[in-house]
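There are two complexes below, and they share chain A, which is joined by chain B in the first and by chain C in the second.
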Partner chain A sequence: MLALIHNETLKVLKKKRFYVILLILVVLIPVFTYAQMKIAQNSREKFDQDWRREITQQIADYQNTLGSDRIPEEWKTMRRIMIQQLQYYLDHDVNPNEPNGVTFTRTFMDNAVTLFIPLLIMAIASDIVSSERSTGTIKMLLTRPVRRWKILMSKWIVLMLFSGIIVLATALLSYLISGAVFGYGGWSFPLFSGFNLSGSDVHVESVHMMPSWLYLLMQCGLIWFSSLVVAALSFMVSVLVRSTAASIVTLMAVLIAGSILYNMASSWPTAKYLFMINLNLTSYLAGSPPPVEGMTLGFSLIVLAVWGVIALLIAFRVFTKQDMLN
Partner chain B sequence: MTTSLHEDKRDVVLSVQQLKKRIGRKWIIEDVTFEVRAGEIFGFLGPNGAGKTTTIRMLVDLIKPTSGKITVCGYDVNRDPEQSLRFVGAIVENPEMYSFLTGWENLEQFARMVPDIDETRIHEVVDIVGMAKRIHDKVKNYSLGMRQRLGIAQALLVRPRLMILDEPTNGLDPLGIKELRTFIRQLADEGMAVFVSSHLLSEIQLMCDRVAIINHGRVLAVDDVENLLVGRNQYVIWMTKSPERARALLEQQDGVHLVQPHEGMIDETALLGLPEDYIITEMNTDLIAKVNQALLAAGMEVEGIQRVVPTLEQLFLEMTEGGGID
Partner chain C sequence: MKRKGSLWSIIALIGCLSSVLLLTGFILGVTNVLHPGSVPFTEKPVASTPEVPVDNSKAEYRIVAIGDSLTRGTGDDTGKGYVRRTVEMLEKHKREAKLLNNLAINGLRADQLVTRLDEEHIGYSLKQANLVLLTIGGNDLFQGAQSEQLSSAQLNIEYLNKKADESISSLKQVLNKIRETNKDALIVFVGLYNPFSNVKEMSTVGSSVVERWNHAAKEFMNEDANMLMIPTQDLFEHNIDKYIAADHFHPNGTGYDAIATRIVQSLP
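Our next item is the complex of A and B:
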């Protein structure tokens, strides 16, 4: 098995797809860094370099809305929590909007979880079986004295490995690149987490503070988990479809459909069983409201796990029984 | 025959019993039974679409038979691929390798999938196929001939007892074909069982000891190659200075049948380079001397007599005459 994993790893590396992924990151992250820098500059000009004034202004804005009748009660609860957070930053003299490498990375990862990272994962996952079939090397691979499920298993293990590496590489590169502009600090910057939204109520009892490094770590873990599910699904499509392009397009279409549905899901509650709606695991960390009422981190993890396991079962079943006709 | 008595005693390496395969509703393979013994070159002869490749894919576990049994060295190929395929080296259709790896890296990939294959063995097979100079180049820069050699190296890697070659002369130049023939004979002399498929009768005649003829998914005959054409009429081409008179005389001979050019199923390449006014006859080759004498006695100068191997189509026509196949 180790030898098979060794083989598959070599194939992924030598095929240079992985380097293309890194290259994409290296090219795109500076673009976002530049945009972030512009935002920071703007707000600094607006508030005369004084972040305290900006925060105070924000608190005042929120407090005004609390008085309004037109705003639903649950929103007001959220606002109250936000005011508490901002007040905390003021009291402890930390600037929440001060850009630094860690903050940038955290925001970037939050935004990358539903489309960007899945796309990178798919670049490898969609190719790993279908390319062997379209180039005909599958004949060489399967005529060895090795059972088919072992070959597929080695491919899956390598895929899990590279999913993790891609998530880490994204985080690391965005930290390194943005840090060059904003500075490499911010590891211990306090963040609030543990928001518990059930129904329309916001439970604030469990809200607690967390240093940024821990938050980032948890974020990466959750993103890896949703990446694995995307990987399992593209793996399955890669087994079912001979062409790499076709399998990327299939999965991409599903993911984009998911991101469109995400905003419409509130009026279609059963959509919460679709995997695409559950990919945004990091939003539970940040405490933003889920697309469908009643969705929790645990629920999303289970839905994703079920999808992933079924996809893998289908992939293994088909691959071991399939006639390799061409 | 004494030789076949001798061969019967050799070990059966590959045994195929009542093989059948249905794809969809169509029976691709209806009845295939044969045995290949150690030290012999076994030809698998049939026109394109006869089921050769499907059969070969079943031999190496790429396709599961609908019914029937294939064993290699006593191990069932479908039930026990881990044991049986250890004895098999194969090239199915084209030798497709990972083009992004070097020849050496490709061999390393395959070596890792089989126990007890070390670097020394890779060096050995590289030397056997004479690739030492280019083995560290990327496969995508190889010519077709070099890919074939690498394919053979890959097949030899496991020290097989059964070598399966699917249309091995495809894409080779005449010199390459001759080399390949010598090489295959050498393998058989070392005790390997070699299974060669082809749609060219002449190729099988030159290369093989025994042959199975397959058409429409059925094996029509399994026999020694020498017996293949015994007792069958062959095409004989006569070249004389006075074709008109010769034609008249030949027509009178018993057992000689005149064939109009383009009427017979004769290999067109055999007619290239012949002088004009040749006469094609279909006759038993035992009669050639007698007919020649008759021509000479009538005062005709015979400039050339040429036997032409019938095409596969011709052979099928004769074999199935009245048989109702087709």
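Our next item is the complex of A and C:
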């Protein structure tokens, strides 16, 4: 089994996709860092680094949109929640956007969880089986005296290892690159978690403070769970579909559809059973409102786990029973 | 082959370690959401109010604007309103001016502003200012007048006068509260105009209630040497078509420009 895993790891490395992923990160993160730097500069000019005044202005601007009849009710609810949370940060004299590498990493990971990280995972997962078939090496592999499920299992374990590496590498690279601009400090800066939402009201009784490093660790852990589910689904598609391109396109389409649906899900509550709507686990940590009212972390975890397990079952079932014709 | 072998063990090791680390993070994260506060290193937050940094080093206007949609700049296609226009004009006259915050909210009434002034973050901003720009009262007197123009209640002078007297006491509270928060700032209050002076049925009634309001406001402000009232009723009375926006209620860009010109002329 260990030899099989060894073999599969080498295959992934040989295909150079992993290096491409790292390269994408190294190219894209500076772009976001630059954009973030521009925003920070702007606020420095307008508010001479007085973050309290900036937040005060932000609250006033949000309050103004509440009066408009043209704004949908869900947006207003979201704005009301954000106003109350910003107010909480003001009352406790903590800047939610303290400019440093850790804050950048936190924001970047929050935004990457639904589309960017799944995309990177897919880059490895989608051809892990299908490429063997398109190149014909699958026959060589299956003629060895090893049980089929063991072969697939070794591939899945390798995929899990790489998922962990990708999530961590994304966080690490974004910290290292953005830190060069914003500074490497901020690990112990306090953050709030535990905002309890009901409708447009925010209950603050259970709010507690934690250092940024702990928050970041929890965040990466939750993102890792979503990534594993995406990996499982890509893995299944890779078993089912013969060509790598087709499997990438299938999953991309599903993910993009998910991110479009995310904003409309409030008017279609059944969408909460789709895995794409549940990927954004970190929003429960930050206390931002879920896409469909009433969704909780427990619910999302169960939905994701069910999707992931079913995907793996299908993958193993099909792979062990299928005739390898071509 | 030797190199390959060591690369493999490095990858496998990193993979295992990151998985363990992320699993820890995942467990902590779930515990944190399901049982808030039970995770180590977390603590209950303490409320704290910061000191207000007041920078008196430069001779400049540090402006905070507060009030209703007029201060917000509703009706102005450029979005500047009289507040930004005032800042620009001051800069054109080689006087330094900086807008700290525009805290105005569309549709705000005087009584709502009284409660708003109690909010700590509003006070934080106000304390840093040496010039406070304020408009309020339009919504107290004419709320709903845009949609259902000329309902019988709105034409009723006694009803309007009663409304004016009620809201004038709120205005007094507003001015007192701003003064309490900031002892030294110059408070500039932009008076009301009658937006219906070109509507025949509304012209006299509207103007009379606006005058009543402005008069009471002026009388109250006279008691404080550091309060300034900018009249607008005379500006708008015969220029209503030129100065009013498409909603027949708010000034347009030209109207805001006229108000800003007056403010700049009156500033010390």
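Here, the second predicted complex is superposed on the first by the 272 of 326 C-alpha atoms of A that agree within 3 Å, B and C clash if a C-alpha of one lies under 4 Å from a C-alpha of the other, contacts with A are read in each partner's own complex, and residues count from 1 in each chain.
As a working rule, contacts are C-beta pairs under 8 Å (C-beta built on N, C-alpha and C of every residue); 3 or more make two chains touch, one makes a residue touch a chain.
All of these numbers come straight from a predicted model, not from anything done at the bench.
J.: Once the structures are superposed on A, label A:Ser193 by its partner contacts, choosing first (chain B), second (chain C), both or neither.
T.: Only chain C; A:Ser193 stays clear of chain B.
J.: For A:Val207, decide between first (touching chain B), second (touching chain C), both and neither.
T.: second
J.: Does chain B (first) or chain C (second) touch A:Asp323, or do both, or does neither?
T.: Once the two structures are laid over each other on A, A:Asp323 reaches chain B alone.
J.: Determine, for the superposed model, which of the two partners chain B and chain C contacts more residues of chain A.
T.: The partner making contact with more of chain A's residues is C.
J.: Touching A:Leu10 in the superposition: chain B (first), chain C (second), both, neither?
T.: Both partners, chain B and chain C.
J.: So, does A:Pro72 touch the first partner chain B, the second partner chain C, both, or neither?
T.: A:Pro72 sits against neither chain B nor chain C.
J.: List the residues of chain A that touch chain B in one complex and chain C in the other.
T.: 6, 10
J.: Per the contact definition, I'd like the list of chain A residues that touch chain B in the complex.
T.: Touch list, chain A to chain B: 3-4, 6-7, 10-11, 14-16, 135-137, 139-140, 142-147, 321, 323-325.
J.: Tell me, which parts of chain A touch chain C in their complex?
T.: 5-6, 9-10, 13, 47, 50, 52-53, 55-57, 59-60, 63-64, 67-68, 87, 90-94, 160-162, 164-165, 167-168, 190, 192-194, 206-211, 214, 217-222, 224-225, 281, 284-285, 297-298, 301
J.: Taking the touch rule as given, give the residues of chain B at its contact with chain A in the complex, in rising order.
T.: Its residues touching chain A are 23, 57, 60-64, 81-86, 88, 90, 92-101, 105, 109-110, 112-114, 154, 158.
J.: Could you list, by residue number, the parts of chain C that touch chain A in their complex?
T.: Interface residues on the chain C side: 4, 7-8, 11-12, 14-16, 18-19, 21-30, 32-34, 36-37, 39, 41-50, 53, 72, 100-107, 120-122, 124-125, 128.
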